[in-house]
């Protein structure tokens, strides 16, 4: 049994990691770090986990102790904090999977512009492998340092990759991405906006055209496909807890039939367990509480307009599920272990 | 007091008409028609209306009797049914407000193509005035026959009209409209898809690129602005009861500042009570249970991409509220009567 | 037009007062007090009210100015705060309607025990009339100082009063009241418990056997019926915004038929507009966004057990709606004014 | 690997069985029966299961074929139907777990009175073991025929059993049980009452005092404790999908401290993995999507009134989860297998 350390476990993604890893047959959680909750049992903070990890106690971060106690480190920390925990010892000796944005973007200045934060470890940026499992599996397999993708980013990258790789998109047009996320996507924030009475029976756009997941999508897809896209991206907040559905509007270079489009996606993802190409349209209900990524299509062939719909659970395929999938890839486990 | 007849009052829009009109100080409901429920008190079908209209009893349709008992006729009937009730007597002597799609589209063949239904009274198509109150008020005022707009259509037409009238849109690009509607938008249908367990905690697209509200938007805007747009329209179903929010992605002909855009909208709608131009982004919660239409903006000036957000209550400004607003205009009442 | 001042208007009940009073034809809001929001337009805090009260600006409390500007004062303040604003000038010259608990309980020590707060104006306790409109109308009519009932309290008092007045309850048994409230019942509190992700798809009891609405129910019913009940009261939190449903389990002294029970309720409330005695069971949907109080019954005649169900909108009949109804009674207006 | 047959798999409990059993490491689904859906892949009916059981095809019931293909038979059928599939061959050779009510009640006439249905196999009633795992484990272990308890029944029996076994309840008083269930409790019924627009933002009682789960609770507890209780039971419908919370009001024979009460429950359930005795109050969110049964308490010691709260997921501990737990007990597997 490999030993897993979860650094920063008081948010929603940390909690999902605990839920997944207590079910995982090949690893065990050897330490769980939350400076604010140190000394508490995990089930005191998360009563629904009682019975599943009763001996697990939040600890303060203690570098030396953890170096000896963990093989795999998940960092479920806010942006700007994860980077403080990474150093050569960890990068050389441990498997590191960072769920924050700190190492997703290779260009220091782009990170700093979007996250309004000085990057104190930009020398490690090149070492981090972007952890979109299905597209980057070959690199992930040989890496010990994963930058796990953002939730919205995952729901854009997976559907866009085959079209860009095959050069099918008319890049003179912006790609329009209208995304809708459940409230857990905002994390565990005590803010008036996230009160029940505010979001129940409500729906609204937020942060239009300026969301921070844009640069990781553009940069990663450029790296993998040599195509540079312009994104018009507007996220919206749904009155439900878990799930993202992105509706992606694409101008095609030339007229292609929907059948041909589906054939292409099938070449890329037909053998992927966690990517399901549907004959109908995806829904959030179809993927909530799972690590699946469901994709469906609509096409106006004459107008050369393709709409791709992509649904994921933001906390699983969009965060902790993909993080564990990355760990499974690196350690040579069945990729589904702990995730079904 | 003018006498109102509601023909077809067993659906959601009929029910909203009853709620509005029982509060209206200048009209009274003289008859309410539902062949399926004839003989029942209205409060038996709608217990929440008990106390508000206790003597109102559903009747079977009886043309002669109704001709003598009503001044204003609202038709809250399914598409294809409303048209059967319209004839010269009604058109000449009564005020007729049809909430169905039967008379919204002027071109018979376009109606028949989209609604898969033979139009048996196409000779009346030209007589019907499209009832978007704020844009078409001058014609409405002098009409006795209103085709009340569809709910999605309202949420598109109001925000698009100023841009098209001012010739600001680059018509080489499709206008992308990503709309989200509460479940009441589907009407009162007993269908597995609309069960609580299906839609609760769910979100999904439906009928992409082929929704029937497209032709009325394109035709009405062409008539009013001489511009013909191509629409890529995808509706989605929200896990809430009431409200529509449409996110509209527009390529501008040339670079315009967001301030200038707002100034233009202000010229068109600055004096309109029911259209609110917001400095922030609209939300469904802000308009639910009201007849307001809230509009907000985001703009990528360099890319010449404008996003306009429009929120309405689908049953009020998107149906029964606008229908009563049309009646108020025709009869010279305060437009807000019954609606605030 | 009488002039209304709302003191403390930044919570949910204050907001409902604004919504009701802007529609009221016989009064106008002359001042609205919120020390925290002074200087802001009301629509800045409540964007959904834009268009309805555009000139209304939150002010700091200024006793002298308000004494000259208001005829009716609503206090929508937290418990312990309202009492600070009451003095002889206000009690003698103005109509005062307090939505807090400060003057509901006549016994100073009981108030102080349950609210853990020293009562600084206990000399006024006897002057306040408990504002359950239907039961206490005669006293309300001649009063200038109303203690508006709590939301849960209303949902208990209305159904219990006829049974107690008629001496039908076996008082050797506790009355069991299992109440369920929407999240707005907790007010506008920024607390982890009220985050969307906590309450959505959730349901739980809270504060069992010790809720503060118990003493006002017991005391008021004793005063009106000379019977003293023991209450076992457990409130629960529902995953919806508005509404309370209380299920009340009563042991009857002797066997009575359900028809007889209904007849008795009809004697008490048959002519009350806002109390609806149903033949079926009440639901929250039937009363949400209305000032109605719906009552229904189930009875095990042999076991002499009666269950009475009572549903109200906690913000209307349970707070601001009843407050305005009280004002209407005092000023001799139609009781329904502003409330339908 | 043992072979499992699911008879009647088109409802919610059948679907949960599929989800649990595809994850179970010691059994596999060898056949899945749905006369209405025969020939369809399971994922066609349940798209969210795609990837998990792709070769599984609904079949028509074929007794001879199934006798040779299955070791364990789950009957997820409506009441009155299950009984038709049970015969001596199955009872002698197979493990049979019936999720319907057909064999829960030992007295034929009581079954027939409550279910308004002739029992065609009352000779088997005595053979069926009531499948409340924690209380009846010893009998279950040696049985091949389990009557799996109802969802509401489970949420009553587990909390009542220790009190009754210890003779702590004053049986002169009815036990009041106020239960609240998510909409999935009603099964997959196409009925106006279960439409999204009806239940969203709604809450209501239904079927008060007459729900069919009463007799199995009374009979089973009498059998196990020799005490006969009277139940006043009112179920209510919650606007959420999964979960039941029952609030149980009990008059104690004598004054007992809450600590003592907790000690007693700890004796009964302290070692049970799936029963969690909480220091705080249980919530539906704490048990949804799990097989846990959470119990919490409130006590008015002076009044000798105890309130016990019990929360379960109606589809898991309340149906399919407990059914699989029963199978695990019979086959000697780890009871948690497939259930965490």
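Each chain gets a letter, A, B, C and D, in the order it is written, and its residues are counted from 1.
Please note the rule applied: a residue touches a chain if its C-beta (ideal position, glycine included) is under 8 Å from a C-beta of that chain, and two chains touch if they have at least 3 such contacts.
In this text the structure is predicted, and so the values were computed from the model without any measurement.
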Of A-C and C-D, whichever chain pair has more C-beta contact pairs: C-D
Separation of chain A from chain D, taking each centre as the mean of its C-alpha atoms, in whole Å: 37
Averaged-CA centre spacing for the pair chain C and chain A, given as whole angstrom: 47
Averaged-CA centre spacing for the pair chain D and chain C, given as whole angstrom: 40
Per-residue overlap in chain B, given as positions that touch at least 2 other chains: 198, 201, 239-241, 285
Category of the chain touch graph - line, ring, star, complete, other: complete
In the complex with chain A, residue positions of chain C that touch it: 12, 183-184, 188, 190-192, 194-201, 239-241
Parts of chain A lying in touch with chain D, wherever the complex brings them together: 22-23, 47-48, 50-52, 201, 273-274, 276, 278, 280, 285-287, 289-290, 292, 340
Residue numbers on chain C that touch chain D, as the complex places them: 173-174, 176, 178, 180, 198, 201-206, 208-209, 230, 232, 234, 236, 238-243, 245, 247, 249, 281-285, 288, 296, 298-300, 303, 305, 307, 309, 311
